Amino acid sequence: MTILANILVVFFIAAGLVFIVVSAIGLLRLPDLYTRAHAASKSSTLGVMCILLGVFLHFWLIRDHFNPTILLGILFLFITSPVGGHIMSRSSYIAGVKPWSGTVRDDLKPEIERMKKEQKIK
Amino acid sequence: MTYFLWAAIVIVVLTMVALLYRIVKGPTPSDRVVALDTIGVALICLVGLLSVVVDSSFFLEIILLLAILSFVGTIAFSKFIEKGDIITRDDSR
Amino acid sequence: MNNFLLLPILIPFFFGMILMFGQKKISYQRITTLLGLFLSILCAAALVMNVHENGPQTVTLGSWPAPFGITMVSDMVSAILVLTTLVLTFFIVWYGFESIGKEREQFFYYPGVLFIITGVNGAFTTGDIFNLFVFFEVLLMASYLLIVLGGEKVQLREPIKYILINVLSSAFFVITVAFLYSVVGTLSMADISLKIAEVNQPGILTVIAVLFLLVFGMKAAIFPLYFWLPSAYSAPPIPVLALFGALLTKVGVYAITRTYTLFFTHDISFTHNLLLVLSILTIIAGSIGALAYFDVKQIIIYNIVIAVGVILFGVAQMNEVALKGAMLYLVHDMIIKAALFMLIGIIIYVTGTTNLRKMGGLMKTYPALGWFYLIAALGLAGVPPLSGFIGKLLIVQGGFEAGNIWSSIFILASSIVVLLSVIRIFIYAFWGQQGVLNEAVQKAKYNRLFVPTMILVVVSIFYGVGTEWFMPFMDDAAKILNDPSIYTDEVMKGGE
Amino acid sequence: MKINNVILQFTAKIVFFMIFFYAVHIFFAGHYTPGGGFVGGLVTASAIVLLIIAFDLKTVQSILPINYIYLIASGLLLALGTAGIAMFTGKPFFTHFFDYFNLPILGKTSLHTAALFDLGVYLVVVGVTMTIIQTIGEDE
Amino acid sequence: MEIIMAFVCGFLFMAAIYLILSRSLLRIIIGTGLLSHGAHLLILTMGSFKGSAPPVLTEGVTDFVDPLPQALILTAIVISFGVTAFFLVLAYRAYQELKTDDMTELKGSDDIE
Amino acid sequence: MFQVLCIFIPLIAALFMPFFFKKVRSIHTGWFVLVVPIFLASYYATFIPITSKGDSVIAQLHWIPSLGISFVSYLDGLSLLFSILITGIGALVVLYSIFYLNRTKEQLHNFYIYLLMFMSAMLGVVQSDNMMTLYLFWELTSISSFLLIGYWFNRDKSRFGALKSMMITVAGGMLMLGGFVLLALMGDTFSIRELIAQAPELAANDLFVLALILILLGAFTKSAQFPFYIWLPDAMEAPTPVSAYLHSATMVKAGIYLVARFTPIFAQSEVWIWLVAGIGLLTLFWGSFFAVKQTDLKGILAFSTVSQLGLIMSLLGVGAIAFHVEGAADSAFKYATFAAIFHLINHATFKGSLFMIAGIVDHETGTRDIRKLGGLMSIMPVSFTVALIGSFSMAGIPPFNGFLSKEMFLTAMLSIAEFDLFNFATWGILFPIIAWIASVFTFIYSLYFVFRTFTGKGNIAQLPHKPHEAPMGMLISPVILAVLVVGIFFIPNIVADLFIKPAVIAIQPFLYTHPEQVDIHISAWHGVNTELLMTLGIFAIGFVLFLTLSKWQKIYNAFPAKLTLNNLYDFIIYELSGNWMYRLSSSYMTGSNRRYLGLMFGAFSLIVIGTLFSKDAFYVTFEGASPVHLHQVILIIVLVIGTITTVFAKSRITSIVALGAVGYTVSLFFVLFKAPDLALTQLVIETISVALFLLAFYHLPKFKKEQERNRFKFGRALVSFAVGAMVTLVALSAHSQKLVPSIAEYYKETVYSLAGGGNIVNVILVDYRGFDTLFEITVLAIAGMAIYGMIKLRLSRKGGKL
């Protein structure tokens, strides 16, 4: 039983690690903010959720300690992380951070111009 | 098992170092904030792993806290980047 | 066990909280403050008598036995200082009714004052080194509140130095406590005293003693750590300045006195000689400043520095006579500094300037002010039978007894610098041709400012002339400073 | 420039309650596991801050009409009062009282005056943090 | 580890003092932030890192780390938070009134004679 | 008891002066005052029979018994003589002032308050047997003198003179206090009588000489001895009654009194004899020499007073030699002390009258400038007569009392050469020579004073007022004094029996125990001897020099003005302590925060590191240190990088983010070091702080590139390195020397059973050390209020302040 549990834990943690490392590489290597934010918010969220699940399982299965806080944490991360990433990118765009030159599509630009016009702001 | 966890911790820490490079490098504040956010995530992982290592559930409280703070922080930063100010007195104006 | 000794701390504290409600109601604020102070004075006076009759009082907070919980100890030293603090604050608050301004009164001036004396009294009473840090922070934070309250330009510019220095000194205080904890593993001052006596004077304790000296020295404004004081103290309004001048540096002095008499007595030849040298240098530094400026505020402010040097010189002698002198002088200096600042405030009010060279001839228009100023000034210089004399006499006598002949003579000679600096104010402001006058002086306001000042000066005269009545208390204080075992025994027996 | 923040505001509402309950949990857990009034207070404050960031000061003030200065004072009074109870029973100041009870649902629990003291800490911390943030935010 | 931590704390203090000696008020405040980090870590170091479990009662564990320094740090953290907040607001107000955050321009008051 | 109270009677009377002045306007306040000295003088006169028998009376009133400080009225020959002088001359001066000071124009109550205060003080000085109360009254004389000199306070010269006299005399007094304390420590008492009783033991003490010098400094400053005499001429700005009273008859004699009083103790020391006699003689010469230079009437008198005080002082010094001489009671030394007291009385009489005359001249003509005066003889005959008597007495011409004491003075000076101890055989010969030269100058200025003012052509038309004889009332006092001057010449031995001999035995108890043992008979004629020849020489040469005065007076101009003592004083008080100190102070009190901090922390770390190594306290051990793990090292690297980024960041946001990173790393450290509560708190605090930083940032300017001189950069780096090094070194040593185990075990054992908790840290916070927490939240609460107040309240816009 313990071995099985251990395997499970190790699996989740390893998976999580992979995601985390990937997102870190993404943050380092990707060309502009938006792509990096993408890497940060998606991949790392998945990573951390995996790891936390592993930790949770460790305490539950091996230590026989059911810890609701971790579950709550996972839930919380699940809700907030993407929102955070979204808000961040959006704000940066409004603040004038230029996308990568290779960007193909930019839907926000006309929208913002329309709003500016509406509120008579230059 | 322990060795695996230690390795995992080292990897996470290394990740953080890499992210720190992004914080130092920039180039825009937004990049730094994103990196910081990710550091927060890595921190959560680290705390989780560490509590497995030291075999103590008392650190698990930190996980949720970190998540909360990282979210609030990100929102605050984004608002700051967007408007230069965090709190708006009256948004309807 | 005697909770009573906590009352002089808790009453102002409680009234401070109450005053946070009803922020805009000035008369409520004033009355409550005076009531609180009055009650505390009663308690403090009763405490002094109690300590005099029954010896040092302790209370082990939370019923935790001595080295583990926090013990509050009211021996004669702290009881006297607590009482003095409260009495002074009473007068300063009274004086402040007229001069502080309605706006400040509506924005937590009174809670600030009450919290500052909570901190000061706490610092005087506590028997725990870390708790001392906490009380220091209380009084510092309250002093920050008061120093910037009002938001005048100078109030925003100068306090930066003050706050910065205090932030730094707090950080160093904390790490010094940490060092001490690492070496002796305890925080209760009495316990520290016992442990240090046990461990047979290792060098590291001397280093920690020096660190403590410097950390407290930063607050007490000793050389070479006094640089922040003159400009920072020029910022706040007069009542606040009086409060600071009378109390804040004295807390640092008290802390040095306490630590250097209670537990850092293992290597007197080094630590106390260092203290002696620093105190002499402090006096020199203060003297230079006191003579250099023709700004009434600055002159008195630099005199704070000089007085700190004199008191610490007394402490450095480590014999009963000098310690008694230091105690007498400490109380004297608190009273007289408050009185002087209040007088200076009136002078500034009636002339509208702080520049001595522009003043003159006030003797014709305000003779009473002139006389009271002269008395206070002479008292500051230690002219008998006014309040500074006996203290200085005993300090010098103790210095001679300890064999520090030349430095004691130097202390005497420094009085002349003090005298010159304060008499200069008298000669320039009160004598000579008529100088500038504030056109908008209201006689009624002047009188209301003058009454508390006058009474305080009379108190100082009384303190000088009636020294005999205070002597038994000062004897107790000096005895406990000279013999730490009285203190430690009382604390370690668990406050039964 | 005014931008609609529907996503943010919606999330904030949900998250606010999550954080708040978490804060309460941390506060009560403090005596036996990590946490306590201080952290609890700060977390509560950060929940309110989140609301303020997501909406604006005026809206939040109308939702939570609290005079934070009074909150501070009440917190201090509560803390002092708890500590002072002992004085009236002839014990040294700050002596706490506790006992273990068998409550219907919670099982064996200790009721402790220290918790009241901690509540004072909690109120002060919330009050102070919010005072600071609100006054700065209101400043033009 | 304690030995290394002593160096780390020294380093933090050094950096803090270096910042505090700079001209910009903001840098100074940031310096005080570093200073308090250094101080807190130092208290922990001085309490030594012996003990294998956090100071929370758990069944079967007796080897706790020294809880007292932790309590002290907590108090110190809170206080330094209050002070930092105050200092920041002071800086902000000072800049509003005086239009500068440069310490060399923020002197003065010694023009009295 | 009443005897002690008498000292305070003038002071008590002073309290009523404002009442008399304000309510009884029609009568000159002086008349009320006059009662006091007359009463006291007659009271003290009743003691004459007692003291003239060599007995003494003592009464005591405790002030601070626990320190042995009490008010004592000790009346022996010496103090009674002084007391009668003080009250007697006091009465005359008050009488004189009634006519001198205008009832309507002057603030009379102030004047008389000061004067009465002075009288009390002076009585206290001469009667106190307790050194501390002696000192008390001593300072009170300085203060009342200060107030009297500054009586016309809107005159710059008055202020200047007042400050000068106060600074010099109080400084001397403070040092004297040091001497007193030393003496008291040696003898374990403040009582002078008791000290005298144990004089031989005192002399054995190492600090004896130091105490002696300190006390002499007090006496010399008060008695205007060289080089401290400079305050006396400037004190002449006081109203003339004051000059007559304080600056000739009484206060300046306090120093003489002190020297006389302490002679029984200090006469044992060679230093004492040399200093008192030598400085006295030097002052005698110096004063007389420069008196001739003066052009101000009162200035001449001031210098003459200086000179005469020197004379008395030197006599006391010479008199002290008697201690060392076998059979001194039969030798010429015995004359010295006797002459000192005799001359003291004489000086009080003639100098008092002269001052009053100077006042009259000033009052009636409107000037005191001797160059403008002249030819007043016919207009003011009475004044002239009095002046003539006074001057001749001062010059030592018979038949006036000055002649008698001057003769004895010369006798005493001549006796010195006989004495072959302490190198007097070699240098003693200088004494009579200098004394003689000084006497010549004394003769000159005496004539100068009286004849320049009253004879000659003069220029009466150009005087500010049209001169006429003074009113009767004003002349009463000087005339009485002049009568005394003549009277004493004719009945010197009565004076000697009543006053001088009792005083002498008080000064020389080692010589006499009873007045009758003093075997001195004063006679105007004692045959042709050296003294008489010297006197005649003085008259002759003095007269010649006086006639040729205008020819050689120029030599005074040869003295460079820059090198005078006055200049030195001015330099110290105004230049050095004003401008120089200002420059010095502003060289380091620059208002530059960074400089202050640099200095402070440089010194701080230097002192600590210095202590660390000088006490050999640096010690590192790896024993007991916990092991190092890889992840910890990595975290440390992260921390270091974060810190460096914070320090060198170019933009503010980078800096703040890096600070945040450091904060989070610190909280990770807390996790590593098993402190979950800390980690939680640190995390939240860090976040809130960052938020606050950002809030404040919105308003703060961007980072500027810091341009500064390399020197400062270097200093900055050095200071920060020193502080870092200090922290590290002390931390290492403190960690390696855990001498006592921590008290922490107790908490671990009792947390569940006694405190009902599980989380030790939290239980410490709310229970064991809950008091800390209570005030920690108070700090927070105050911070909240402070921030609220700081933002909401803005007085700078109104500019209102106290």
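Each chain carries a letter (A, B, C, D, E and F) given by its place in the written order, and its residues are counted from 1.
Heads up, the rule we're going with is that contacts are C-beta pairs under 8 Å (C-beta built on N, C-alpha and C of every residue); 3 or more make two chains touch, one makes a residue touch a chain.
Bear in mind the structure is a predicted one, so any value in this text is a computation, not a measurement.
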| item | value |
| --- | --- |
| Set of chains adjacent to chain D and to chain E | B, C, F |
| Comparison of C-D and D-F by number of C-beta pairs in contact, larger one | D-F |
| Identity of the chain that, by mean CA position, is farthest from chain C | A |
| Of all other chains, the one whose Cα centre sits farthest from chain D | F |
| Closest chain to the centre of mass proxy, which here is the mean CA position | C |
| Centre-to-centre distance between chain E and chain A (centres being mean Cα positions), rounded to whole Å | 32 |
| Distance between the centres, which are taken as Cα means, of chain F and chain C, whole angstrom | 27 |
| Mean-CA-position distance for chain B and chain A (Å) | 11 |
| Rounded Å distance between chain B and chain C, as computed from the means of their C-alpha atoms | 47 |
| Chain E residues counted as touching two or more neighbouring chains | 9, 20, 25, 38, 42, 45-48, 52-54, 56-57, 68, 74-75, 78-79, 82-83, 85-86, 89-93, 97, 103, 106-110, 113 |
| Chain A, residues touching no fewer than two other chains | 72, 76, 80, 83, 87, 94 |
| Of all residues in chain D, the ones touching two or more other chains | 2-3, 8, 15, 22, 26, 32-35, 38-39, 43, 46, 49, 69, 72-73, 76, 80, 93-94, 96, 128, 132-133, 136-138 |
| Pairwise chain contacts under the document criterion | A-B, A-D, B-D, B-E, B-F, C-D, C-E, C-F, D-E, D-F, E-F |
| Chain C-touching residues of chain F, taken from the complex the two chains share | 62-67, 132, 135-136, 139, 143, 150, 153-154, 156, 158-159, 162-163, 166-167, 170-171, 174-175, 177-178, 181-182, 184-185, 207, 210, 214, 573, 577-578, 581-582, 584-586, 588-589, 591, 593, 596-597, 599-601, 603-604, 607-608, 611-612, 615-617, 619, 727, 730-731, 733-735, 737-744, 746-747, 767-772, 775-776, 778-779, 781-783, 785-786, 788-790, 792-796, 799-802 |
| Residue ranges of chain E in contact with chain D within the complex | 54, 56-57, 74, 78, 82, 85, 89, 92 |
| Complex contacts: residues of chain C adjacent to chain E | 130, 133-134, 137, 141, 144, 148, 151, 153-154, 156-160, 163-164, 167-168, 170-171, 174-175, 177-179, 181-182, 187, 231, 234-235, 293-295, 298, 354-355 |
| Residues of chain E that touch chain B when the two form their complex | 52-54, 56, 58 |
| Touching residues (chain side chain B, partner chain D) in the complex | 58-59, 61-62, 64-65, 68-69, 71-72, 75-76, 79, 82, 86-92 |
